[in-house]
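Structures given as structure tokens follow.
Each of the next two complexes has chain A plus one more chain, namely chain B in the first and chain C in the second.
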Partner chain A sequence: MSERAQKLLDYADDELILGWRDSEWTGIAPSLEEDVAFSSIAQNEIGHARALYELAARELDTDADALAFDRSPDEYRCAPLVQQRRMDWAHTIARHWLYECADEIRLAALKESDDEELAGLAAKMDREETYHRLHAQMWADRLRGNERFEEAVRELWPYALAVLDEPLRPRLAERTGLSDVSGFQPQTQRGTVTDDLRRLWEEMTMVRRSVAGATW
Partner chain B sequence: MVTAERVWDALAEIPDPEIPVISLVDLGVIRDVRVDDARVWIEFTPTFLGCPALEVMRDAMAAKVRELGGEPDVQVITDDSWSTDKITPAGREKLRASGFAPPAPRTAQPLQLVELQRNGFRCPYCGSTETTLENLFGPTPCRSVRYCNACRQPFEQFKTI
Partner chain C sequence: MIFEVFRQEKKGAAFAHAGSVEAPNAEFAKAFAHEQYGRRQESVALWVVPRDAICEVHEFYDELGKTYHRVDGYSLKAKLKEARERAGTEAS
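Now for the complex of A and B:
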């Protein structure tokens, strides 16, 4: 697989799995507004995943659904940050804020890419992600200083760093005001497949596996 | 005989699947139509990538072209060329008339939450700008929810992208 296709899959897997995780709040978020917000963000992240998978699919001569659902769990490349299943609200907001900060940096880099197709897609995604960032920032500002939230941010920080390629990590430290980009922890690195992801894979591929070729 | 003009006219009859008061042409999502004999190429720029209506729009366009006797080839362009600024003046008026506040113009600087929270967004029902942001997110990816303090009516605001 080319480096380009691999990069596209890394990113698409992040957005797909985060979209599933966000959708775990549908119906049970702490308020109706947040129920709507997380459901809408989930829908949009999965839309981004689809667009990224489609770019990869053209290169790999397959289609977006096959990439999203027909690979084995061990082939997924999403960062462990997005694999963690529904957490308490403090952790949910900590992950949301850290991921959106990292994603802003990743998108800024992709928009400068010489790959016109990818740069164009990144520019479009960035417009939409603006609203996710505003939402994440609003909550991070609201919870700042709250002990549970601060602890969740500290706990997830090594995971957030691993969303980005190493050269981009100092920018995340600067953006979030958190320091220490050095702390390497193997379980936070991209390429690690957690039990949480295996369980999610069972669920999200169930229909596809049980009825091959189903359309609706 | 299929002509670009006939294709544009036909596409102008397709309602947006989620906001049917406005057509795909009003929405500005059709970037180009080219016709070569019976082949019809349409460049379609999605609104939001997470919009669940994308397939419906694409299929509706292809069906219209077939009705005209053409062979459709709808290309989905996923770059930054669509913006809410592409919604036509007629489209904006139709949105307003049915209770959707049309989007504010795109700005050079990234959006700030304070700008969305302050007054200035006009209520589509009474015209007051005494409105507040209720939720950045709404029933579809393209809409936010605001509340008009003058006529005490919640309304949907098209997001600017």
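Now for the complex of A and C:
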């Protein structure tokens, strides 16, 4: 697989699985308004995943659905940060905020890419992500100083670092004002497939596997 | 806190009441309104206003039945018909 296709899959898997995890809040968010907002954000992320899978699919001569649902769990490339099953609201916001901060840095780098197709898609995604960032920042500001939230941020920080390629990590430390990149831990590394992801995969691909090869 | 949301469907159009959102402050209200009334490209702009900031006016008396103040208070249709008959012309 080309480096480009691999990069696209890394990113698409992050967005698909985070979208899936965020959608676990649909119907049970702390308020109705937040329910609608967070579900909408979750849907956007899955939309971004689709666009990224489509680019990868053209190169790999397959389609977006096959990439999203027909691979084995071990082939998924998402960062362990997004794999973790639904947590309490403090952790969810900590993950949301850390991920959006990291994603902002990743998107900014992609927008500068020589690959016009990829740079163009990054610019489109960034317009939606702007609102995700506002939402994440607004919640992070509101929960700042709350012990549960601060603890969640500390716990997830090494996972957030692993969302980015190594050269970009210092920017995340700068953006979030958190400790330097020495917080990085190998078990948080992209390519690690956790039990949470395996369980999610079972559920996520259940319908599609039930009638393999069907046209829906 | 309740915020009323007004949305503009296209540039230059009048803002119309869309609904309301409940939020702890204006910042959250804007974010919630953005997702509830804008995520399907149905709006180009929103006004998000604390409900308390809206001044309501309810009483409109018309004790003396001054219907001539109203657009529909003075029917021209019948009068036009009469005039046409007098002039011997048909409505075109």
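Note that the second predicted complex is superposed on the first by the 212 of 216 C-alpha atoms of A that agree within 3 Å, B and C clash if a C-alpha of one lies under 4 Å from a C-alpha of the other, contacts with A are read in each partner's own complex, and residues count from 1 in each chain.
Assume a residue touches a chain if its C-beta (ideal position, glycine included) is under 8 Å from a C-beta of that chain, and two chains touch if they have at least 3 such contacts.
Everything numeric in this text was worked out from a predicted model, so none of it was measured.
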Overlay on chain A: chain C relative to chain B, clash or fit: clash
Touching partner for A:124 - first (chain B), second (chain C), both, neither: first
Contacts of A:3 with chain B and chain C, given as first, second, both or neither: neither
First (chain B), second (chain C), both or neither touched by A:114: neither
Touching partner for A:134 - first (chain B), second (chain C), both, neither: both
Touched partner set for A:46, first chain B, second chain C, both or neither: first
Chain A: partner with more touched residues, chain B or chain C: B
Interface residues of chain A shared between complexes with chain B and chain C: 33, 36-37, 40-41, 131, 134-135, 138
List of chain A residues in touch with chain B within their complex: 33, 36-37, 39-41, 43-48, 50-51, 54, 117, 120-121, 123-125, 127-128, 130-131, 134-135, 137-138
In the complex, chain B residues that touch chain A: 48-52, 78-83, 110-113, 116, 134-141, 145, 159, 161
Parts of chain C lying in touch with chain A, wherever the complex brings them together: 21-24, 27-28, 31-32, 34-36, 39
Contacting residues of chain A [partner chain C, same complex]: 31-34, 36-37, 40-41, 131, 134-135, 138, 142
